[in-house]
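Take a look at these structures.
Each of the next two complexes has subunit A plus one other chain: subunit B in the first, subunit C in the second.
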Partner chain A sequence: MILLQSVVNGVLLGLVYALIAAGLSLIFGLMEIVNFAHGQFLMLAMYGAYWLAVLYGVDPLFSLPLWTIVLFLLGVATYWLIIARVLRAPMLAQIFSTFGLGVFLQSLAQFFWSPDFRLVPSPLVKGRIEILGLFVGIPELVASLGAVIAFALLYLFVTRTETGRALQATSEDREAAALVGIDSHRMFALGWGIGLACVGIAGVLLSNFYYIFPEVGFPFALIAYVAVALGGFGSIPGAFVAGIIIGLVEVLSGLLIGPAYKYLFVFLVYLIVVFTRPQGLFGRY
Partner chain B sequence: MTQELARRSISENLSRWGKVLLGVILAAFLLGYPFVFTGPFPQHLMIRIFLFAALAQAWNILGGYCGQISLGHAVFFGIGAYTSTILLIYWHLSPWLGMVVGVLLSLVATLLIGYPTFRLAGHYFAIATIAVGEIARVLVTNWPFAGGAVGLYVPLLPEGLRTFEFHTTKVPYYYISLLLLLAVTTTTWFLERSRAGYYFRAIKADPDAARSLGIPIHRYKLLALAISGAFTAMGGTFYAQYVLYIDPESVLPLMLSVIICLVAVLGGVGTLWGPILGALVLIPLSEGTRVYLAGMGGAGRAFDLIVYGALIVLMSVFEPTGLIGLWRRIQRALEVRVSYARLAAARRGEQTVRGPGSQ
Partner chain C sequence: MRGTFRRYRWLVLAALLSGLVIPAQLGAGPVTEIKIGAVYPLTGALASTAKLSKDGIDFAVDIINNRYDLALPLAKSEGLPNLGGAKIRVIFGDTQGSPETGRAETERLITGEKVVAVVGAYQSAVTATASMAAERLGVPFLNPDSTSPTLIQRGFKWFFRATPDDDIMSKNFFDFLKDLEKKKGIKVRTVALVCENTLWGTDVCKFERKYAKEYGYEVVTEMLYPARSTDLTSEVQRLKAARPDVVFMASYISDAILYTQTMKKLDFNTQAILAMDAGHVDPAFLKTVGKDGNYIFSREVFSADLGQRKPIVRIVNDMFKKRYGYDLEGTSARSFTAMFVLADAINRAGSTEPSALRRALLETYLTSDKIIMPWGGVRFDPANGQNVLGRGIIVQIQDLKYWTVWPWHLASRDVIWPMPTWRERK
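Here is the complex of A and B:
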């Protein structure tokens, strides 16, 4: 029973991981740049939801659209201000441009909001329900449902709309897409916007039940890197499956071996995957 | 004639004696520094600069010359720090011997880590090194023998070169760290000119082309990692003996790996002077902002990191080749001016500016 309970928890957690990883994967698939500030943007979204709840009494559930849009705009701004300038730079410069941004955002948060741990006071969704003898936290359930909906929308957008197809085309072959009149810079900016919007949704949903502090994004980002590699760099369905697998690995290894080792197994999964199947589960390497 | 003049760089314009003089001044400054600046802070600052320059130089062998971006070098640092400290605590082995054992263990780690991970390329490799580093950190944190999360205190012994502990003065630490930097820089200098060095750069430029030329790329990547890891482990032992306390958060965090890499990147990767230049700028900056801007950090103490982060972004956007690139740009600007002056002089028929090739 406790095993089944862990499986449920793992899947719920994994769905949120999947959404964060999807944003990362989308950006990487488009321009082969890993966003090392991904976790810090997640942290910003969590603080955003927190402050609106504390200062103006707006529940995170209602501020969700606002923060999704804000993070989208932040993504577009990040692309134009920083990423567009390092597209042709060596890989190290690309790594450090986003990494430096992450350090900047995190220390800014620490400077203004202190390293204290915070919780959104009495959010709308709280408590837990019992389904077939399993206890499920309602905020966790809402978060994973939200993640699934966001994921479905993202998938539909990418595969069913004209813009989404242009995005895919750019991801597949930048030059060829440019030949048929797709402005790759606009697609990249859009990719950053959508990628960070995913993070915004995940962050606000997490703020309902997760402690908020300046370094909160770091483990999430590490897990997202693992998920992206596991699913295959650039593959959005891959990120979905990988997120769930990692959620399961984390919770089950925490249960069976010890909570202190849960991240160790997440990283082991990464190493095993890249050594045995370097293109990931759904990647095209 | 005039073109030839214009092509010459500033360093070539210095005569041989000028270079010797410059070297003597630099050596005198480095050797005399702790006697001029006797306070603990300037000495501590310089020790940190030397240590991080050495670590970045070691990273540079693998990351800069061979092109394998490692974000897990803290593993080797941790191996050095933990090996000597554990041997000292449990078997009373001299830290100097501990340093040797640490280097040997780091070579073993090189094989264990490098053998599988070097099959990966680009981001896959970089993230694999993060994974290895984090796994090591979690393992040590949960290993009671190595002090777990609490860490280990290096037992206090009578000070002296034999025990590698100095309590009343930082001066010996200053010279030891200078020696470490000198050792790794000399090694890099020799590597630059050796067959291995050329192989490293070939692997960096194009691994497939290098392989097709018959370079055993796997073996040479391992060699680069082995040299790099060995010096990093020595730095780890030095750190343990200098601070006399180690824990997973101080010698094994991802942030340490990143800072080692960052110093090299800021200075200029794949160059001999880059890591040293990077440490000269970055370490005083981080120490300085921490000390002088601490008053501005009301809530936390992260103001130094705000400056740090912003600087990293600006640097990678505007000068991705690092400070060396910036220096070369200034040099080129000066050069143009010098060559114009020369040109004017040559036209007047009088050779006032003489270089080695102007006779």
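Here is the complex of A and C:
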């Protein structure tokens, strides 16, 4: 019973990890730039949902579309204002540009909103349900359902629409895509927009049950990096599967072996994959 | 204009110089001012905590230097009577929360500012290095607020610590459990130990394990979990499987919040949760978890509701609150108390000579009615400089407030035990 409960929790948790990783993976697959500010964008979305709930009484569930769009626009803006300028710069400059952005956003949050911990006061989805002795938090359930829907939409978009295919083409071969008339800059901007929209959805869903403070994004982003590497750089199904694997490994190793070692096993799984299949589970490279 | 200045420039220079010389002349002569150094993380992540220490110190110095009708040492006189009414001046050094800066600042205060003693430095790691500088230079270092037990295991001659440490306060929990059994017939048999896995939590678990054995409780599970986990379901699952009577916790704020939420979500019930302050007494804790935080016990070093049983606390707290706008809490109350311990010793020594001051500190005996802390008093162990009369209190969250519940003679509310299950709460 306890084992089953843990599996359920692991999957629910993993789906949220996966959604965060998907945005990261998309951006990387497109232009080989790691967004080190990913966790901070997650934090921004969480604060966004929080402030709308506190100041205007808008439940995170209703402000979800708004923040998805805002984060999308932020992504596009980030691309044009920062990333486009360092696209041909040395890798170190690219790393520092996103890393610096992350530090900036975090400090900004600390400055404006103080380092206090906050929770969205009585969100619409709260409490838990009991099914055959299994306890499932409703906000967690909603979050993972939201993640699944977001994933499905993302997958459909990338594989079934003209723009999505253009995005894929750019990701596979920038020059060839340019030859057939795909503007790679527009595709990159779109990739950033979608990538941050993913993290925006994850952030708003998390804000239903997770505490919010300026540094909240870091541990999630760290796990997302592992998920991206595990699933394969640039692979969206890879991020999905890897997120769930990490969630399961974390919860099960914590239960069966000892909480002190749970992250050890997460990284162990990652190392095993890196050794045996360096391109990641679904990777192309 | 320029010509005028040139004509009178010597006059201007002379005026400036005399401004420098005259105070210097006043400074010589009998001791009118005693300088004490205080090293705290005034800038950086702990700046808000350091402000509490600073307010406590400033307030104490005001009471010592001026005439107040209070039952605290040296309150009724102006300055230190045995040194001709000399006044205390505190010079602050900023550690920025770094052990290296803490050491350098302590050195600067002692050699540059010629302070006669140093207090500080809140964080155990910084206290360790700052007191090393004082030890080397032969100046007393009085620590009001660092609870790492390793600080008194170094064989230092010039180190004194007023606060009880994690060792003493872990022991207090088990004294509390025994007292509960004696007074209320509450029988606890099994305990679970949950600690975060950095130095602090690891130490706490070690002491709790030691005392559990000594007092005859069975530890059914002990876990060190990674601090700042994103998820704690496996930890709570383990607790559910182990079914302990009581859970001991040592967590920082983010984990304390997440544990409370996860326990509720997974319907984990136990007789009581005994927390080692930190996250569970952080002002953000109750603000975030709300009524889900009710019934949790925590050890504490101080609580303003002690005033209900100890009038001096109420009087001092009222004055403090009027001036600074908030209640005294553990950090400000301890630095406040340390200044009295130091001033009392300097006054008894009748001199600022280091060895005389050290001797006076060793002879310190302040009874519990002379301090605002819930301690038995202040008396230092000559072997390691620890205040042997220090002890913590235990508070319980009831109706979204912290109330002192133990020791009994200081309690402002009765304990609620066992805590209601999640199903019973509404």
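Assume the second predicted complex is superposed on the first by the 284 of 285 C-alpha atoms of A that agree within 3 Å, B and C clash if a C-alpha of one lies under 4 Å from a C-alpha of the other, contacts with A are read in each partner's own complex, and residues count from 1 in each chain.
Methods note: a residue touches a chain if its C-beta (ideal position, glycine included) is under 8 Å from a C-beta of that chain, and two chains touch if they have at least 3 such contacts.
Here the structure is a predicted model, which is why all the values come from computation and not from measurement.
In the superposition on chain A, A:S184 makes contact with neither subunit B nor subunit C. Counting residues of subunit A touched by each partner, subunit B versus subunit C, the larger count belongs to B. Shared-chain residue A:P90: touches subunit B; no touch with subunit C. Within the superposed three-chain model, A:F220 lies in touch with subunit C and out of touch with subunit B [touch as defined at top]. By the touch criterion stated above, A:N208 is placed in contact with neither subunit B nor subunit C. Within the superposed three-chain model, A:S107 lies in touch with subunit B and out of touch with subunit C [touch as defined at top]. By the touch criterion defined above, A:F233 reaches subunit B but does not reach subunit C. Contacts of A:T170 after superposition: neither subunit B nor subunit C is touched. Contacts of A:F135 after superposition: subunit C is touched, whereas subunit B is not reached. Residue contacts after overlaying the shared chain place A:T68 against neither subunit B nor subunit C. Subunit A uses residues 115, 258, 260, 263 to touch subunit B in one structure and subunit C in the other.
Across the interface of their complex, subunit A is touched by residues 63, 69, 116, 119-120, 122-124, 126-128, 130-132, 134-135, 138-139, 141-142, 258, 261-262, 265, 269, 297, 299-300, 302-306, 308-313, 315-318, 320-321 of subunit B. Every residue of subunit A that touches subunit C in the complex is listed here, in rising order: 2, 5-6, 9-10, 13, 115-119, 128, 130, 135, 137, 140, 209-211, 213, 219-220, 223, 247, 250-255, 258-260, 262-263.
By the touch criterion given at the top, residues 45, 197, 223-226, 228-235, 237-238, 240-241, 253-254, 257-258, 261, 264-267, 284-285, 287-290 of subunit C touch subunit A in their complex. If you check the complex, the residues on subunit A that touch subunit B are 28, 32, 34, 82, 85-86, 89-97, 99-108, 110-115, 214, 222, 225-226, 229, 233, 258, 260-261, 263-264, 267-268, 270-271, 274-275, 278.
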